[in-house]
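Two complexes come next, and they have one chain in common, chain A, joined by chain B in the first and chain C in the second.
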Partner chain A sequence: MHYVVLRRILLTIPLMLAVVVVTFGLIHLAPGDPAYLLAGDAPTPEFLAQVRAEYGLDQPLGTQLLTYLGKAAQLDFGTSIYFKRPVFAVIFARVPATLLLTLCALALASVGGVLLGVTAARHRGTRIDGLLSAVSLVGYSIPTFWLGQLLVLVFAMSLNWLPTGGFTSTRITYTGLDYGIDVAKHLVLPVISLALFELGLIARFTRTAMIEALDRDYVTVAYAKGADTGRVLWRHALPNALLTTVTVIGLEFGVLLAGALVTETIFGWPGLGTLFYDAVFRRDFPLLTGCFIFAASAVIIANLLTDLLYAALDPRVRR
Partner chain B sequence: MSREPNMPGSTISPFISPWHVARRSVLAGLGVSALSFPRAFAAAPTRLVGVLEETPSIINPAITAVISSYAAGTPVYNALTHIDAKGNITPELATAWDISPDGLTYTFHLRQGVTWHDGQKFGAADVKFSLENANGKLHPWGRGAFRAVERIETPDDATVVLHLRQPSAALMLGTDSACGLILPKHIWDGSDILKNPHNLAPIGTGPYKFVEMLPGDRLRYARNETYFVAGQPYFDELVFRIIPDPAARVAAFENEEVDTIYMNALPFSEAPRLGAEPGVALKRTNLRGAGFMGIFNVREKPYSDVRVRQAVAHAIDRGFIRNNVDKGFTIKMLGPVPPASPLYNTALQDYEHDPALANKMLDEAGYPRGANGIRFGFNFLWPAADAGVTRMADVIRQNLAAVGIEAHLQPLDRAALTQKGYIALQFDMICESYGLGPDPDIGVERLYNSHNIFNPPVPYTNVSGYRNPEVDALFDKQRVQLDPTARKQTYDRIQELIWADVPVLPMFAYDGPNIFRKSVVKGLYEGSYGNQESFATAKPQA
Partner chain C sequence: MSGVSAITSAPLSRRRGRVPIAGFFGGALVCLVIIGAVFAPLLAGPDPGAMSDATFAHPGFAHPMGTDDLGRDVLARVLYGGRVSLVIGLASALVAVSIGTAIGAAAGYLGGVVDDALMRLTELFQVIPRFLLAIVVVALFGTGSLRLVLVIGLLSWPATTRIVRAQCLVLRGEEFILAAQMAGASPIRIILRHVLPNVAPYLLVSVTLQTGSAILVESFLSFLGLGDPALPSWGLLLQQAQIYLRSAWWMATFPGVALSATILGLNLLSDSVEGRFVARRDR
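Let's turn to the complex of A and B:
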């Protein structure tokens, strides 16, 4: 087991290095000079040169990359051109909001998806299966930007139950428990918007894995021993089927942590997604590189944790 | 909550987070209940909620013309003067001013008893420092507006004297918020202005004090209790929510979560509908001239041929575009100067939409149709985020196809547009919105005077590569003409010449629509610029 963990961790090092180099190269290949975006309307050539020198944009690309790698090794990802603050600080300031959104959405999607998947598998081939499969297919297929706007239209604007977006109310400043309730109200729509896609995905994988598990001999043996359907489903089949589901959830957690770009933008959620969006359009190279590295790291770490969890769940992997 | 190491005070909160919950809960538990009892009987603070389309990178409109910086900074700062919607120059930090008969000396008499938000006294040294080091040196418009200033004297703390090398017809128009907001010397002196942390923690004399910015979420301001206009401002707090998605901004307004959306954050296509809703007011601000300008690249054939440019002007149905794109806010514009300017030449004749005439002109210019019916191509670039030009582009493509010109539409994001269009000059026409005020010397001349052709090219200058020695000479001539009539005559001639050469085809001029909920607030957007609103006169409805 220790060997498995060590091997996985060591493998992430060259992967991270490759991520940094490829990201750096890709971003600098895109057209657009951030100096012009910074210098504003009709800058003088001297002012432009000053801006370039200030951010090291006047150095050859190779030199820029080497300098960057050296500093990145010490967790110094440079200074955001747009925000004029350390990239590390800018990114981590947005992590809590994204983490909150992601965890809530994934929790909802995981519980709902597993329930839906198990129920569909239990009633395989029946109308219930058809209905639940349709629900999960719809959830998986609806574009997030459309769903988000639809939710706002119905629940915020027509019914006036929930706010249209943001992290907290701007009209009133709440404190204490009221603040928590206020944040929760602002969470509902973005969480649903984000969770529905994940719920569909998890439900479909769970259903397939459960159907496979229910066809296995140990299920027949369990029934033969007199176990009721509930016990067979939840105690015997599900733990085996969960291996697939856990893998999906782990992968999606990494992806979501990297920023639910569309959802966050639609709901004005001050997380990594909106930061990523801004960084792209402003050609904020240091911030964009930092965001990419953070995103890749999130996926790599989530995969690592999934692998470890996999090993914990499945004795065969540990061997 | 940690503080940024280089930030004075807790101006930018790095965490917009659930951790606030815990922190505030603890505070609530530590005896705030005792304080809250009398608060229950106090009047709730009045709060005006606006919206920004992005997190400002800088809150210092004394050195930049970035719109979000104006919107976030104007409530904090003041300028020497204020220019109202009709163009009248009224006192702000200066109570009066004298201009010598030769136009070479401007004496400003400053308001007494004004204090900065940190309690320091405002005076002539601040004005001299700001004009010399920020507005006249770094601000893209200010460099033009204060170009003629040779030296600045401060004979006493209440007087600032500007000595000019030559008369300047445009100088007074540079003294308002567009490029003349004044910075405190004691905060900025001795520092690199571009790097000073107060770029994100502004201290001004304006109606609202900056409190904090939560990047991606909101900016907060509090009433300046010592503002020099008695009674103003009227709200206790001002908040800007940051909402990047246009549809989400509109939804937040309709749901009454925000009270106002200024012109740059409001999708023009939504403005008429929202403005017609009960309880909502729509106010147009003319920006002292703004327009969607089609910049030709006149360096190479076929667009180096004036007949081709004139034919394109006849081919594009600008009347249709005016009536169908951003309808209700468009104004017919002929020539380089915007109709909002008192210098606009009303005698110019339009290039009427006439495909037959355009075809004839192109044939005569020596560009017959090929076997496929096409004469030549037209690389049309614009900022992809601008939905208005995107709609225009479809019309332009159809119009040009009718005269045998094949349009290649290239919507680009801002960075790519700058690189491909303004720097690499790979375009036949770039179309986007241009601020053309506050005076043509500042907003217009940059596009046409050959002195403004740079190598390497500089965006938003004369990127079309247009050269006309007569136009150059007339621009120089009018700059020192203090007699408005004589200056108008010179500008009339400039407009005739440029309109005949048509290096830039204005699609239309426009007013910016701003909306607010009149059941909540009144007295908004009284100036020329919707995006330079100080909110000093914004008053809660009873």
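Let's turn to the complex of A and C:
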């Protein structure tokens, strides 16, 4: 058990290195002098010289790569051209908002998706199954950014139920519980638009896995021993089907982050997504590449956690 | 499908009957979009960029989908936008499936060290968030349709690789492959003439799925303002609609419906092709 876990944890190191190497490669393959990419379009000669020295840009490419890797290992991704602060500090300040958004969306998608998938599998082949499968397929097919626009159109602009965007109300400053409620109101639409894709995906995979589980002998045995349908579904079949669900959630974490990026830009949510988006248009390449390495590492760690969770859920993997 | 339980008592015929209807519906959606894109000049006039004085006209008789901020007909822009989205989507899918097939066939058929190395590479590409990497690449290298096709294609092959590799592993032990080897056929000939034809149905599913996914990535990039500005795709239309959400709902609604319907149609289609083929294998 410990060996498997340790091996899996160690496997993330080459992946992280590869992400940094890919980023380094892109910076050097891109047209133009890498020094200008790292120092901004119009740097002072002193700053340009400083960046050249810092990244060893007059050294051979191999040495440069080592310098870059060394800096990345120390979480030094350079200085943001726009914010004029260390990239990592800028990124880190935005993490809580994105974490709040993605975790809420993931929770909604997981609970909703599993409920939908189990119900569809329970009624396999009936109209209920057809309807639920259609709903999850439609949810899975609607692009996140368009869903966001539609939700704003209907619930914020036409019905005026919820705010169109932002993290809190700009006109009134709330404190304490009212602050929490204010944030929650701003959270509803972004969370729904981010969750729907994931919900459809989870429902589809859970349904398939449940149908497979329900065809197994242990389900027949459970029935033979007098277990009722609810118990068979939730205690016997679902834990087995959840293995698939967990894998899907882990594998799609990168898509969830990309979804968070567009959702944040539509709703003006002050997270990593808007930071990433703004970095593109401010041509703030240290920040952009820093955000990318950070996001890719988050995906790698999410995959690791998924695998560990999988091992915890499935005793067969541990052996 | 063995073991009939109390839970799954629905008659088999009904279960099987659903797949063709879904596939038919998906196929119809995709055909509709293709017809709209191909016959765009007949349906909406020759120039989707033609401006008029009728800015922000509500959907009505003259403009079924309304007009935008420059008085351009939204219907025309949606139909012509479909051309861009479909062509970029299909081209990227073909790039992705070609790379995926080559790598998957090499890994699965050759096995050993080659397989290990190629699979590590595949895992790396699978783990890197490709939407975000696509943004970084476009931000660093600039945009353009050809670049978009290459970027999306180069980042989307791992799914195909896994499918093709799995099939090759199965086929490698089959007698007709052994016979070909005995006859002295080269590995490349065996892969091209004996292995790949047997993988073809999976490739068809792959192209369908990848086209949908590539259309989504392209629209995502265009929505963020990183698409080809010279060729308005659905994503670009949605981006332009964003600032006018309050005043012109139709600018965001119709391109979005077209985009979602296309992706839904392709998903339904690939589901049913896959379902049919897997069912045939099970029998």
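The rule is simple: the second predicted complex is superposed on the first by the 270 of 319 C-alpha atoms of A that agree within 3 Å, B and C clash if a C-alpha of one lies under 4 Å from a C-alpha of the other, contacts with A are read in each partner's own complex, and residues count from 1 in each chain.
Going forward, a residue touches a chain if its C-beta (ideal position, glycine included) is under 8 Å from a C-beta of that chain, and two chains touch if they have at least 3 such contacts.
Note that the structure is predicted; figures quoted are calculated from it, not measured.
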* Just chain B (first), just chain C (second), both, or neither: which does A:V152 touch? -> both
* Asked: Should A:A93 be classified as contacting the first partner (chain B), the second (chain C), both, or neither?
  -> first
* Touching A:T265, do we find chain B (first), chain C (second), both, or neither? -> both
* Asked: Touch check for A:L66: first (chain B), second (chain C), both, or neither?
  -> neither
* To do: Return first, second, both or neither, reflecting whether A:V111 touches chain B, chain C, both chains, or no partner chain.
  => neither
* Figure out whether A:P163 sits in contact with chain B (first) or chain C (second), or with both, or with neither. => first
* Given the touch rule stated above, what does A:D278 touch, chain B (first), chain C (second), both, or neither? -> first
* Using the touch definition from the top, say if A:L257 reaches chain B (first), chain C (second), both or neither. => second
* Residues of chain A at both interfaces, chain B in one complex, chain C in the other -> 30-31, 37, 149, 152-153, 157, 265-266, 277, 280-281, 283
* To do: Sort out for me which residues of chain A touch chain C in the complex.
  => 15, 18-19, 22-23, 26-27, 29-31, 37, 122-126, 130, 137-138, 140-143, 145-146, 149-150, 152-153, 157, 211, 214-217, 219-220, 223, 229, 232-233, 251, 254-255, 257-258, 261-262, 265-266, 276-277, 280-281, 283, 285, 288-289, 291-292, 295-296, 299-300, 303
* Within the complex, which stretch of chain C touches chain A? -> 1-3, 5-8, 10-11, 14-15, 18, 123-124, 126-133, 135-137, 139-142, 212, 216, 219-220, 223-226, 238, 241-242, 245-246, 249, 252-253, 256, 259-260, 263-264, 267-268, 271
* Residue ranges of chain A touching chain B (in the complex, touch as defined) -> 30-34, 36-38, 40-45, 47-48, 50, 54, 82-85, 89-90, 92-94, 96-97, 100, 149, 152-153, 156-157, 160, 163-167, 169-171, 175-177, 179-180, 183, 265-268, 270-271, 274-275, 277-278, 280-283
* Structure fact -> Within their complex, chain B touches chain A through residues 4, 6, 12, 14-21, 24-25, 27-29, 32, 47, 49, 54-55, 57-58, 64-66, 138, 140-141, 143, 194-195, 199-200, 214-218, 239, 241-245, 247-248, 251-252, 254-255, 257-258, 385, 413-416, 418-420, 422-423, 435, 446, 454, 456, 458-461
